[in-house]
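Below you'll find the structures, each written out as structure tokens.
Next come two complexes, and both contain chain A; in the first it sits with chain B, in the second with chain C.
And now, the complex of A and B:
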């Protein structure tokens, strides 16, 4: 099944698609920002009064007066060499900002991705096994309510309960104020990760649990499960042997397809908890018209989402060909 | 498809059959949403007068959701915010639906058009949704207009896929072939044979788009890209409440967010139950 040519073709195809996608994404986002009626200098200085001379200097720094075509070509040429420019608000190369921020976000996203996947899967299996009972109904209602919950509101509530009222966790920031990067202990960092990760996990559970439940019910009403029951298998053993094997793969695939939503949730959660990740940088860049940084983040996020989809595709194509057949027949 | 509503034949709904119950639930929730919209329009701006004598009050019978730092009644602010959320959601869903219909129909006209639409859908899904809304809203000058356009232009992908798949499936049906062989024009087949089948799907798709549109608008506003601080919006209220968290004014965040949750849930329930009515396969579960 897994011949080398097929895999090479798959990877080559994916890389080509990613490149073509990135070119269009870059161009469109660049033009969207370029032709925005928002004055970037005004957005940066805000309400502060500045002299005309000072403003002219800033405009020079921002490159307001360069023609857009030239600007795009300059930027794209540099980007090809791996230089995404200097972030205007952090005054650091964009690649450095993104590297630092994305690592922080990746830890947060990975933690909640894993936790929500496992918890959601278990809840889905329980609900599917006990279809129609009060356990099933409770899990279903929980999922429906969570799917409707605004991410940032849940984050606020958790922050209020655990940080303000109970005082278990610090209120914000990834490290204590006044401590240099080298002196941050693992505990400091870990304590600040828990609440954001918890928020994202709680919300991520809904989709995967409902999906697993549906799939398990489908599997349990199949002929081979009927046959297994006729042979005397029952209870948890039956589900473990025939259910989970069939449900796990589609569920994992779904979890990989959720990268886009995970990123969106991270943006909101980071904002509430002032977690210094890529989402917070994106918001700051957007609000203060830091074009190079915003473009860099858009590219990184597009790659991130693409990566998730590519893995899901890989599972479709190579691990379980049945899924592809089902999709095609719909 | 699963249902949001527990359907057991006891309790308040005893004596109704499933169809009656479904209709009742749709009726109640629609009424609730309608009441929110109407009352948010009815309460004029004068009901939001600032009154520093009654600032930061706990929730009480007089002010069910408490008051904020300017003495404004949070209940009325929330209500007005919800009203504007629902109206923005309605507008955005309508635009997205129209886009979805046009693109879905367009994709059925030929192979090139079809792969172009598929590519466009992929392009829109390639950036995280929230980031895309932020980008578009910046492109259109930010503020309320920016976010509304951003939300309206990004929710069509799902429904377009549904319409596209539905048309593809319908086109292979026997009666369409017969109709073509009888010499009917493409337009005639599209309007008489295909479109009527799409209407329920489109209708349902629009309603299920609502919750997403509302939540995305609130999120973008919360992050500071949307409505200005003077306008009533749940996103604004919640981002304002962040400043008062450590002061212990929990009601500033709790009730407005909960109300938003209930509105979103109400739309989900209407969608799910309408789906039950439209799709007879699930009607007898």
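And now, the complex of A and C:
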């Protein structure tokens, strides 16, 4: 009963927070775009030559001279109804663009999130167990190098080595050029996913591995591990029984908190690999002044990061027995 | 449980004698065993830590020096000393769970066999059990019954679970405690759970490291009675504590720990009146510092661990010191049924 009430409270609280966050995010992004030197008419007509009269008509159509507050309210009103407008560069509803692009990105992000989480955790555990040995030092150096590596640079290196020199993987895009959608095989798509996912994973590994290592060393020097040793537990059994149990929860929480970095990394990686995901769309929308699409992406990405943080909170509050207990006693 | 009720009434030291009578039976059995070989013999051990001082210069910090004690089956040996004097490290040294930068010298024997690091690893948790001091020694994310059972093979799990339940039953720990996490336990429950871990192991040597900090009178006596029980069942118990009153209530012998060494091992009966029967000036000072005795503290403080002392470690504060005391560590002497490290005792 208590738990049910608590979960309802938690969800209610989160929804309220999300709503207030979205309102602020929308408002601020809208204002940023409003005061930036973006000309929607220019974005729409591109390089086409138009007459002054035609241009005035277009300005009238796009509402260039409407006051900003009215613009915002119009947009917000439509957005509430689920209509985010038409993307200027793709010439289709923003919701459709985001749906398509986000699905592609989600596969990429999920793959690298899982892979980096698992690999990072294992590396961290090994390094922590073997603290001070050459294995630990190797893993640490690897992590420091990766943590200092810019995403796009690593992406370029991988692309050069594996696609250009070795020719193991296709160079870019998510499907082969000149093949109709029905004829694209799973393998075609999968091969093009590997390098971007690998880039994102390799970078994600550093943070989680270093964190896991640090946490495991802390756990292994704790009183309860000392006592476990005194009771005859040792070696891998000891680490599995007490180490993993106490490190897993904070590590998983951290991995969920990393959604924002994951998203940021995706933008760059998709750009380098020309992977048609949400990140690439965001860059395109920004560069070519596609205001409706940009706002739509801002909202979706805010929700995405918020979702990650909410899950981290959820784990923290409902899975850890210590916190659970404290909350209940208040 | 009659024993415990009696313990509850014993607020002060004057009642110590009553207690002696009450425990007559155990005393005699303990005395018989004294003639037999000690279960654990610790001879002249020294423990130091290698540290990096300024720059890359290594220094050795000596925390235990020339320490000798013996633990006999059926007896409780209390190691009494002030907090922070390295008593816990003694326990860790016996169990072989010291940090990697520790250096241990000296001889240890268990049951007549040399206690090498390999031997320690083999028998800890089985023959020798530690009862730690607080809930910090329990895995915060593991349910109590799993912790108490410990690491066992799968096929034995059912059996061990039953044994654990029986022990908990005996210590009045209800079935719902099995599924609890350490933070949900009360102070008294924690104590009983920690004691259960030792009982579970069926060890012959129990080392209790400060098992009674911050306990109320009733819980304190209850906890002490558990150790008395263990001794009565034939275990050797080493009770490491800073609480001399608690130690006097149940122990057979008291080892007085001072600045990393044991100055005297006295029988519990020696602690009476003005401490005339006590051998070492420090022990006497300790006894007279108790509120119910003279309530007198002696001047000075224990030497720091990095101080190098040539003679008797108590020299600075001793009222009976002579020239001999400042040169060389006094030899361990057997006097009147106890042992002492002092030049002025014969």
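Just so we're on the same page, the second predicted complex is superposed on the first by the 292 of 330 C-alpha atoms of A that agree within 3 Å, B and C clash if a C-alpha of one lies under 4 Å from a C-alpha of the other, contacts with A are read in each partner's own complex, and residues count from 1 in each chain.
Following the convention adopted for this analysis, a contact is a pair of C-beta atoms (placed from the backbone, for glycine too) under 8 Å apart; a residue touches a chain by one contact, two chains touch by 3 or more.
Please read these numbers as outputs of a predicted model, since none were measured by experiment.
Undergrad: Should A:144 be classified as contacting the first partner (chain B), the second (chain C), both, or neither?
TA: first
Undergrad: Which partner does A:32 contact after superposing on A: first (chain B), second (chain C), both, neither?
TA: After superposition on chain A, A:32 lies in contact with chain B alone.
Undergrad: Just to be sure I read the superposition right, which of the two partners does A:227 touch: chain B = first, chain C = second, or both, or neither?
TA: Touch partner of A:227: chain C, not chain B.
Undergrad: If we overlay the two complexes on their shared chain A, which of chain B and chain C does A:242 touch? Say first, second, both or neither.
TA: Second partner only, chain C.
Undergrad: Just to be sure I read the superposition right, which of the two partners does A:19 touch: chain B = first, chain C = second, or both, or neither?
TA: Neither partner.
Undergrad: For chain A, which side has the bigger count of touched residues, chain B or chain C?
TA: If we count touched residues of chain A for both partners, the winner is B.
Undergrad: For A:73, decide between first (touching chain B), second (touching chain C), both and neither.
TA: Neither chain B nor chain C is touched by A:73.
Undergrad: Can you list the residues of chain A that meet both chain B and chain C?
TA: Common interface on chain A, chain B vs chain C: nothing in common.
Undergrad: Using the touch rule from the top, collect the residues of chain B that touch chain A in their complex.
TA: Against chain A, chain B makes touches at 2, 4, 6, 122-123, 125-131, 134-136, 138-142, 165, 211, 215, 218-219, 222-225, 234, 238, 241-242, 245-246, 248, 250, 253-254, 257-258, 260-261, 264-265, 268.
Undergrad: So in the complex, the part of chain A that touches chain B is made up of which residues?
TA: It comes out as residues 21, 24-25, 28-29, 31-33, 35-38, 137, 140-141, 144-145, 147-153, 156-157, 159-160, 164-165, 171, 210, 213-214, 260-261, 263-264, 267-268, 271-272, 282-283, 286-287, 289, 294, 297-298, 301-302, 305-306, 330.
Undergrad: Using the touch definition up top, name the residues of chain C that touch chain A in the complex.
TA: Those residues of chain C that touch chain A are 92, 95, 97, 121, 124-126, 129-130, 132, 134, 136-142, 150-151, 181, 183-184, 197, 201.
Undergrad: State the interface residues of chain A toward chain C in the complex, per the touch definition above.
TA: 222-224, 226-234, 237-238, 241-242, 245-246, 249, 320-322, 325
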